[in-house]
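These are the structures in question, set out in turn.
What follows is subunit A paired twice: with subunit B in the first complex and subunit C in the second.
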Partner chain A sequence: MDFTFTDDQLAFRDSVGSMLENEVTTASIRERWTGDSGENGDMLNMLNEMGMNSLLVPESCGGLGMDLVDFVLLADACGKAALPESIVEDAVVAGGLLSDLLASGQHTDQVQELLGGVAAGDIRVGCAHIINPYSNFAHRKDWMLLANGNDVHLVPKSDLKFTALKSVDPSRRLQKVDWAPSRKTRVAEGEVGAGLQRATLNRGALAAAAQLLGLAQAMVQQAVDYSATREQFGKAIGTNQAVKHLMADCAVQIEFAKPVVYRAAYTVGVAPQRADWAVSHAKTAAGSAAELSARNATQVHGAMGYTWECDLHIWVKRAWALAKEWGDAGFHKNRIHEWLLQPNALLGPEFTFGKRYIDHSDSAAA
Partner chain B sequence: MKVLVAVKRVVDYNVKVRAKADGSDVDLNNVKMAINPFCEIAVEEAVRLKEAGVATEVVAVSVGPKACQEQLRTALALGADRAVQVEVDGMVEPLVVAKLLKGVVEKESPQLVILGKQSIDGDNNQTGQMLGALTNMAQGTFASEVKVDGDSVTVTREIDGGLQTVKLALPAIVTTDLRLNEPRYASLPNIMKAKKKPLDVFTAADLGVAVSTHVTQVKVEPPAERQAGVKVEDVATLVDKLKNEAKVIA
Partner chain C sequence: MKLTFSAEDEQFRQEVANWLANNLCGDFEPIRFRGGPGDEHSFVAERKAWEKKLAEGGWTAIGWPKEYGGRGCSIEQQVIFNEEYARAGGPGRMGHIGETLVGPTLIAYGTGEQKEKYLPGIRAGKDLWCQGYSEPSAGSDLANVKTKAQFDEASKQWLLNGQKVWTSLAHESQFCFVVARTDPASTGQKGLGFFLVDMDQPGVTIRPIPQLTGTAEFNEVFFDDAVCSAGDIVGAPGDGWRVAMALLGFERGVSTLGQQMLFQSELDDIVKIAKENGAANDPSIRQRLADAHIGLRIMRYNSMRMMSGGEDGSLQKEAMIYKLYWASWHRNLGKLAMDVLGPESELLTDAPYELNRLQSLFLFTRADTIYGGTNQIQRNLIAERALGMPREPRGTV
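== the complex of A and B ==
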């Protein structure tokens, strides 16, 4: 089996990564902090022109009909750039839920129209999940997908009330969303709704994990660059073993987290009914790699690492925020524990790559 | 009007290159490669001419090993219609590249050939001019503006101390300067479409060109390390140092 990314997937990553590297400067991120919307309209247009909105939208709705394995490296690139715009959540979480609604035959005409608008970049749809108390950039969306018990509602912006809240990460614009559920807005209910919300949680946690990977790599790169130029006692601080080990610890965690995140992307795409543990594993591994990288990179930068003027904190604060969003480490470790403790859990090397198709109904792996 | 655009595979401009330990060449192991930035500007200009309805077809051409197909695919993703690779292994000097491009020009008969003014690895700034001489085509080098009008092209050239505008009879050769345009990024749908666009491969023999060597690279060395700066206490000390130590002011 070939587990490597295809040339197309690597070309996507290079193209989006190069655009973000050139266009998302730390100065432009700081500019967004002082703006009303917190977003850069030109950047949103560029991301749309590049096809980020349409990548996961089904071809029948004008999208590219690709899957999360195609998107995971792009989410990583967005994390690396500390992109403030919520394109990853919009495309993966809201777009994914709309596609699920379409596949389950719920309100197909309305959903199809919305997906077409999303792919064209004309309509922005956000998604709030009960695991996150607040929603990032919800006030900038035309429609919101909201949960009420097991039900899923699709609510236009005009029926929503937003209260802005401050995030630890100044690039994020958290909103408390008040709304009144009604039969008119309900698009899924009962078991179907619960299943959609579970899939949404997995996509959200995966999107966060992929971005955390990118954030971790960016922080280590900055710390390494700094340690190679910052001199103490006549030599670069990076030549000291104590500094090298800090960075090596991060590099090990990042390298170990990468395949876990990629595997989760694959599982969510091909067997979403048994993706819970894979996603939780990914979120835990990427979250701890990013948190360790944030801590160690700050240490390497010395006292300067804590200051507002030092750009490192842009990445550090995003890592803190994303590590808690879509379930913190405790939540995801519990999901892994639940799976491990099932009497019929499929453990052992023979199941590592899926020995046989595992039916959700009779398997603890679900 | 058919436009031929030359693209070269070079080390990505963001990469800090290092010389090999023996000084024989630049170390290219595990180094990210990309389209030469000036060639990217050339592709962008050709695509803009097509979008403006001036050009009917854009053909990207690259001379190099099989790996340069990667850069041709990027050119296709940026908007070129088809690609031609002239497969040659090892280092090829500008004169040979110009001869090979002449072979492609004879096959394709383009009205306009756009090249980058130079590549960021060799920094030779020769291929466009040599191709002009070999094909006996008019040339407008260091272009910062290109306007095609009927059977001529007007090129604004960036020259020392100002701009020069020249009018060339087509077919002609244009080499691009940095300010000609700002290249777009390849979109994801176009990257996918690029896979389906045709890419023809020729050898030097197909074009009737013998790959010969006139230049041998003797040594490559990194620039001398800059001395650390010093902080001066006041303007008077600075002026004194500039006058007496650096001797840059009288």
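== the complex of A and C ==
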């Protein structure tokens, strides 16, 4: 039993984290709000150079062949920086689905070529799922992985019609994607397709959960800093218990959500067929921590936190959006109780962690 | 205890409803349910015209005594008016600060000259007012006001210098009531004055503050040798805190009942959408809808209880619990609205940043727990003033 990360994983997190801290200034985020694409080309290049695109791409396709445990801290760092670019979703969700397609032997040549292009930073692939009616930055992708019933389609940009929609979070560029499914674009169908979509939902929710953790920590840090400098009644407002407790409540939720998210990342890797409840737990815990942090950090900032000028709302609005994307709290709690209340649920201590949980073959109890 | 309205009051209700039905229509149709917190920037010209329309019908300042142009309505009748106004979709009042705060304060503390000078303009729906209390260093700690008022012997008038902030509707107002320090050596609640300041003068600069809603209904107001005539101080120099606090007592009066009707209409909207889009099938949403309904009824009963016996509109001890309760309830309602809307809650209806009614509700209710005394300050007030617990120590910085 070991919840720690390796030195390599931590070093990777630190180097990505410090690059983001230096480059993703709030001024640069606000510049993206007024730009046409909403993206920063230099940032996309830097992320690619650091290996973010190729992290989950198999080594056989020129990628780093790492897993979600390796990625979870990087997603956290992206959340902390409120990075507008959709690198986490691209790498984890689209990259994950492409890798799954390769592993299942579907359309191997085409998928292999795309994965190679993704790893090299030449091709951008996005992925939509029925749970999200709108897709962030879809118009910036060369290919989109799309669902139609159980089928999965891989569709080139030229066959897609985009309708841009405005998000409450100005960093997000939502698109409604219209397209016509055809046999030509279909890459998986039936049971295989349904399984891939389920895995996609889990990776998407996990990616959102990890970013929510980062967002939550960044919001609390800003509020803690503000509470030390803002004075009322002749003292820093942070000296008041009422203000301290707002922040302490967030810290408790955030810290308790961390191992839940890490566990989900691990489970998605080793027992993807049983990952639903672990992912739903992660999304619920991280979403709730981030929503509380958004609320309390705004409260600590007082009226200042309610202004457009104060940077806090960059994080707050992202937290609101990600808490809903890839299934909101209601959806994920329903998945948990469906699992918990089934007659043969695997609930004993021997299933909480470890081999019996991973190896257990009773798929009905998954 | 008698939980009914009299026959006379029911008749009054009919009169109000009829007048609104016959007048809040035609040119005024588009402003129904518009304006108010989060939507103050909408239909400003039309809502100013509506103020005058209300005044012509005798529906401004209905709680003021008849001798000052009011209707001398009882508390019950004011409640009824606010209920019917909200039910009819009456737009967010632009004259509410003058009518519910300045008017009662001047009637209680103003000179004859001040009453004559200011009350008719408010009553006519012509003069709009804003509130000059908060400053960059005086938020929760309101008494830490730094704006200075110095009496200039040569011109026989007051000169104001300093800055106010979070001033709602300053850019639309003719006048502002300003708390400023008349004794430069004083600190805290002592040495303050309460001034009635004309906003249309070179010494006053107004700068809107864009909010995270994308709109700007708050402002910064700068006073640079802004003038205020000798007769426009309410109470004596040094007596400003008492006047300023009395004014806040009027703030939490009967208008809360109208606010609850607005809340009801928001909740009705949310229930309707939940039924339409299937969110009502979600057990957790159903529970929260029931909680919202329960909370709103609690507020309504409690407000009626607070009004009972308080004929002079004065703030009773029970009133201290109200701000904390409604602000938290309303904030939760905003969150519920977003959860009922699901993914659609993220979409703006229009460029560049146009929020729909429920998005405005959600975003603006994040300010509900801050303005007019944060939840934290409210809890301290309840603990210290209602329960008599020891006071939170103050710093010395």
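Note that the second predicted complex is superposed on the first by the 356 of 366 C-alpha atoms of A that agree within 3 Å, B and C clash if a C-alpha of one lies under 4 Å from a C-alpha of the other, contacts with A are read in each partner's own complex, and residues count from 1 in each chain.
Definition applied: contacts are C-beta pairs under 8 Å (C-beta built on N, C-alpha and C of every residue); 3 or more make two chains touch, one makes a residue touch a chain.
Just so it is clear, the structure is predicted and the values come from calculations on it, not from any experiment.
K.L.:
Quick check on the subunit A-based superposition: subunit B and subunit C, clash or fit?
P.N.:
In the superposition, subunit B and subunit C stay clear of each other.
K.L.:
If we overlay the two complexes on their shared chain A, which of subunit B and subunit C does A:Ser135 touch? Say first, second, both or neither.
P.N.:
A:Ser135: touches no partner chain.
K.L.:
One more residue to check, A:Ser99. First (subunit B), second (subunit C), both or neither?
P.N.:
Neither partner.
K.L.:
A:Ala321 in the overlay: touching subunit B, subunit C, both, or neither? Say first, second, both or neither.
P.N.:
Second partner only, subunit C.
K.L.:
Considering only touches as defined above, state whether A:Met50 meets subunit B (first), subunit C (second), both or neither.
P.N.:
In the superposed model, A:Met50 contacts subunit B only, not subunit C.
K.L.:
Check whether A:Ser280 is in contact with subunit B, with subunit C, with both or with neither, and answer first, second, both or neither.
P.N.:
Neither partner.
K.L.:
Should A:Tyr306 be classified as contacting the first partner (subunit B), the second (subunit C), both, or neither?
P.N.:
second
K.L.:
After the superposition on A, what does A:Met19 contact: first (subunit B), second (subunit C), both or neither?
P.N.:
In the superposition, A:Met19 touches subunit B alone.
K.L.:
Counting residues of subunit A in contact, which comes out ahead: subunit B or subunit C?
P.N.:
Touching more of subunit A: C.
K.L.:
A:Gly234 in the overlay: touching subunit B, subunit C, both, or neither? Say first, second, both or neither.
P.N.:
Once the two structures are laid over each other on A, A:Gly234 reaches subunit C alone.
K.L.:
In the combined three-chain arrangement, what's the angle at subunit A toward subunit B and subunit C (CA centres, steps of 10°)?
P.N.:
So the angle at the centre of subunit A is 100 degrees.
K.L.:
In the overlaid three-chain picture, find the nearest pair of C-alpha atoms across subunit B and subunit C and give that distance in Å.
P.N.:
Here the least C-alpha separation of subunit B and subunit C stands at 8 Å.
K.L.:
For the complex, give me every residue of subunit C touching subunit A.
P.N.:
Listed in rising order, the residues are 134, 137, 139-141, 144, 165-166, 209-212, 214, 218, 282, 284-285, 331, 335, 338-339, 342-348, 350-353, 355, 359, 363, 366-367, 369-371, 374-376, 379-380, 392, 394-397.
K.L.:
In the complex formed with subunit B, which residues of subunit A make contact?
P.N.:
Against subunit B, the touching part of subunit A is residues 8, 11-12, 15-16, 18-19, 21, 46, 49-52, 54-55, 64.
K.L.:
How about subunit B: which of its residues touch subunit A in the complex?
P.N.:
14, 73-74, 77, 185-189, 191-192, 195
K.L.:
In their shared complex, at which residues does subunit A touch subunit C?
P.N.:
Touching subunit C: residues 132-134, 165-170, 172, 174, 231-237, 239-240, 242-243, 246, 291, 295, 298-299, 302-303, 305-310, 313, 316-317, 320-321, 324-325, 328-330, 333-334 of subunit A.
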